[in-house]
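Following: one structure in structure tokens, then a few remarks.
Chain nomenclature is as follows: A, B and C, assigned in order of appearance, with residue numbering initiated at 1 for each chain independently.
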Amino acid sequence: MQAVENKIYQDKIVIRLIQFSVIWAVIAISVGVYIAAELVWPTIDFGQFWLSYGRLRPVHTNGVIFGFGVSALMATGFYSVQRTSHVTLFAPRLAWFVCYAWQLIVLLGALSLLAGWNTTKEYAELEWPFDIAIAIVWICFGVVFFGTIAKRKIKPIYISNWFYGALIIVIAMLHVVNSLALPVSIDKSYSAYAGAQDAVVQWWYGHNAVGFLLTGGFLGMVYYFLPKIAGRAIWSYRLSVVAFWAFVYAYIWAGPHHLHYNAIPEWVQSLGVVMSVILLAPSWATLVNGVMTVSTAWEKLRTDPALKFIVLSLAFYGLATFEGPMMAIRSVNVVSHFTDWTIGHVHSGALGWNAMITYGTFYFLVPRLAGRELHSTRLANLHFWLAFAGTMLYIIAMWAAGVSQGLLWLSIDSIGELSFDFKDIMASMTPYYLLRLIAGLVFLLGTVLMAYNLFMTLKGQRAVKVTPPAVDPAYGVNA
Amino acid sequence: MSSNISSLTLFRSLYQPQQAFAELARAEPSSLRIFLSYSLWLLLLPPVFSLIGAANFGWRLGADQPLFMTTNTLLIISAGYFVALLFGLFSTAIISRWMAKTYGASVSLGRHMALITMVGQPLAIASAAHLFPDVLVNVLVLIPATIWGMYLLYSGIPVALETPPERGMLMASALMAWLLVAVVSLLGISMSLWVLGVGPLLGV
Amino acid sequence: MNGLTFHRKIEENTGLLIFGILFVSAIGGLVQLLPVLTQESLETASANTRPYTAVELTGRDIYMRENCVVCHSQQIRPLIAEVERYGPYSRAGEFVYDRPFMWGSKRTGPDLHRIGGKYSDDWHRLHLLDPRAVVPNSIMPAYPWLAERDAIETGNITNKLTVLRRLGHPYTDEQIANAEADLEGLTEMDALIVYLQMLGTGFSEEDAGMQGGAH
């Protein structure tokens, strides 16, 4: 029996992708901590171009999103699509190609950013050779994923797969359209769009990369692993159906809220606000679904640190998905735009939601894949509190910094003259940047503890025990 | 049925939280009594401190020049602050009680009111930092108070509301989500009001 | 057939699901992007806006390479305080030769859209070599390597202009032929400063009535 089950699922690739993901997390967060330190002590780039803030920042963002995030999504996507389809991965060799080719793209991409190859489009900084490589690997990812679904033995496609599917399809669309450019040389191209038009296209991409990768993709993780870890079916199937389509429809409109009061047509801005606010509904529908699913599974918390991370990640998901629409409202945005509040908002999502849900999932998955207990539950619990404290400190520091910047920049006196000099406002941010640096260090420390914990768990790896999920009797297994 | 708990015990939760939580678990106080004898006084502290501080020194958001506002504006802001805190307390207590059923916790509104006030107590007292209205100083003082409040929330729910620690942890996290949203709403509403002309003069 | 049984069809058919996601997600993009991409006023240059010269373009590419845009916006919003601090608010017509746009999303440092002409070339040189020499509390990095590299090495300027002409920027044959000669003898820092000094000078009073920023 054991031997047969081992043949069912391809799990080595899941382990490998988790390893890459954790390595990228440590590297990318370290880079983040370093550039946070540069904002406090600007001379610690030592006059080296490759340590300069401008070159390191996209390494941080690309490392987190495409290294840590996408590797985690590939790992969990491959793991869950096999189990929800009751079949092994379609084209396993192609899957391995996707795994390694993606890591190579992220690694070489990071080096190219250090070398100054940079389109300056946020979250799409990599130059055209990488854009082509990304498109190819991404399509292969889609072939493996949808191929597995196509040969499934369970009739319905489980909800988590819709979110992973939306991730693959929509990101492909966004990437291709936004990256259109005419190459000059291997390291340089000029965008197919110019000025205001380019801005609208870029934030259509930028906002929805966040939407379908950092929100949608990770919701796929929630819909599979939350019920799995909690040992309960998802609270409301109907709600998840409605939430999914509303999410896919509404998210795509909201990009222009990144361009309030900028030189783009006003109707585009207004539409962006309305759809951003509407977006709250599907976002929170999923939140309710998750919270209610987990609320009856409390006994599991006693033994499973994974669930703690997931529970907290939902709290921060609730915050980030509320804060976003709020910051899209023009009267808030006029103060918050261009400030560190934006950075705080991004991190309430990236640290509190994406990283926590991923860490929880890894704490759940790695022991099962390794076929042994987690090396140290105490260490995982310590990591939980470090991650919690680090995230809170980060958010609070950036709220204070952002609100101060926004108000001081706009503040005028009774005769209508500016009250404050820009240089003074900038200089007064240093203490907050120091707090943020500490927050990042605390979060990084937790991540390193996890890397150690998971490494020790994987050491001496034994055969994988597989337990296929229960199938709803309403759906017959074709095989 | 309704048994009371002295406000002194509640105030003591600042440094003897576990005893106070345990005593609260034995009581069924009326929410009105808790509010009048305990919550109200703590809620008054931050607006009063901020009024005194801002009127005398002006807010320093980091830059050299403090931001002075007219007495009228300050009164409006402090009153708004008080109303926001009031709303925060009642909404959180009611939401907490509403959630209690899901998490098998006590549904006595008085207890929820008392517990939420205890959680906020470190922040209310730390708001003495408003007397010196420098944003950085306030952030530095309020961060430890926030952490202490979060500790009280997570450790207090299972004891005071009599639910297993694991369920208490879930409930505390659900409340955390609400509190985070409430705080960020407060930020958003303040920004909107300022942009609309209530508060410091902005060139928008 | 109620909604849920209809939906069961979608969720049992891989092709339908893929098509459904693509269709539903494309609506918003099409409604928003197509009108914007075809709106002529967004492609019409302001009266004083012209394509970047070979030197300016090289400076701009250096600005991109060093990723100045992550800390400096180039977008002045139509707000009293902002116009007072930085100058006339930004109009769409001023950016028609910006590939890509350089508006930014963060102001760790000040907005640079109207920085041109505000400081001397020497000030910029000093500032880029050691920001704290001229702005004591500055947290900007120093860029000493820019002074050591030749602008001509930044990239193939002839190719760049040719590519941009293909994208519709009105460069003359003469401009393209002289491009390399224009860069002769300049360092990367020189080129960057030339770019900074022309920033925001494409503004024209005629734009005030045009579609652009919102009030």
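Just so we're on the same page, a residue touches a chain if its C-beta (ideal position, glycine included) is under 8 Å from a C-beta of that chain, and two chains touch if they have at least 3 such contacts.
Heads up on the chains, UniProt names are A = Cytochrome oxidase subunit I profile domain-containing protein; B = Yip1 domain-containing protein; C = Cytochrome c domain-containing protein.
Predicted model, so just to flag it, every value in this text is computed and none were measured.
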Legend entry - Chain whose Cα mean lies nearest the overall Cα mean: A
Inset, instruction - Among all other chains, pick the one whose mean CA position is farthest from the mean CA position of chain B. - result: C
Inset, instruction - Round to the nearest whole Å and give the separation of the Cα centres of chain A and chain B. - result: 32
Inset, instruction - State, to the nearest whole Å, the distance from the C-alpha centre of chain B to the C-alpha centre of chain C. - result: 45
Legend entry - Whole-Å separation of chain centres (CA-atom averages), chain A against chain C: 27
Inset, instruction - Return the residues of chain A touching two or more other chains; collapse runs of consecutive numbers into ranges. - result: 334, 410-412, 416, 418, 424
Inset, instruction - Two or more other chains in contact with one residue: find those residues in chain C. - result: 79-82, 84
Legend entry - chain B, residues touching no fewer than two other chains: 202-204
Legend entry - Complex contacts: residues of chain B adjacent to chain C: 202-204
Legend entry - Parts of chain C lying in touch with chain B, wherever the complex brings them together: 79-82, 84
Legend entry - In the complex, chain A residues that touch chain C: 38-40, 42-43, 45, 47, 49, 52-55, 57-58, 116-122, 125, 146, 149-150, 155-157, 162, 165-166, 169-170, 173, 177, 182-185, 187-202, 204, 212, 238, 241, 245, 248-253, 255-256, 258-266, 268-269, 271, 275, 334, 337-340, 342-343, 405, 409-412, 416-418, 422-424, 426-427, 430, 433
Legend entry - Of chain C, residues touching chain A in the complex: 4, 7-8, 11-12, 14, 17-18, 21-22, 24-29, 31-33, 36-37, 39, 42-43, 61, 64-71, 73, 75, 77-82, 84-85, 89-92, 94-110, 131-132, 135, 137-145, 155-156, 159-160, 163-164, 166-167, 211-214
Inset, instruction - Can you check the complex and tell me which residues of chain B touch chain A? - result: 61-65, 67, 102-103, 135-136, 139, 142-143, 146-147, 150, 164, 166-167, 169-170, 173-174, 176-178, 180-181, 184-185, 187-188, 191-192, 194-196, 200-204
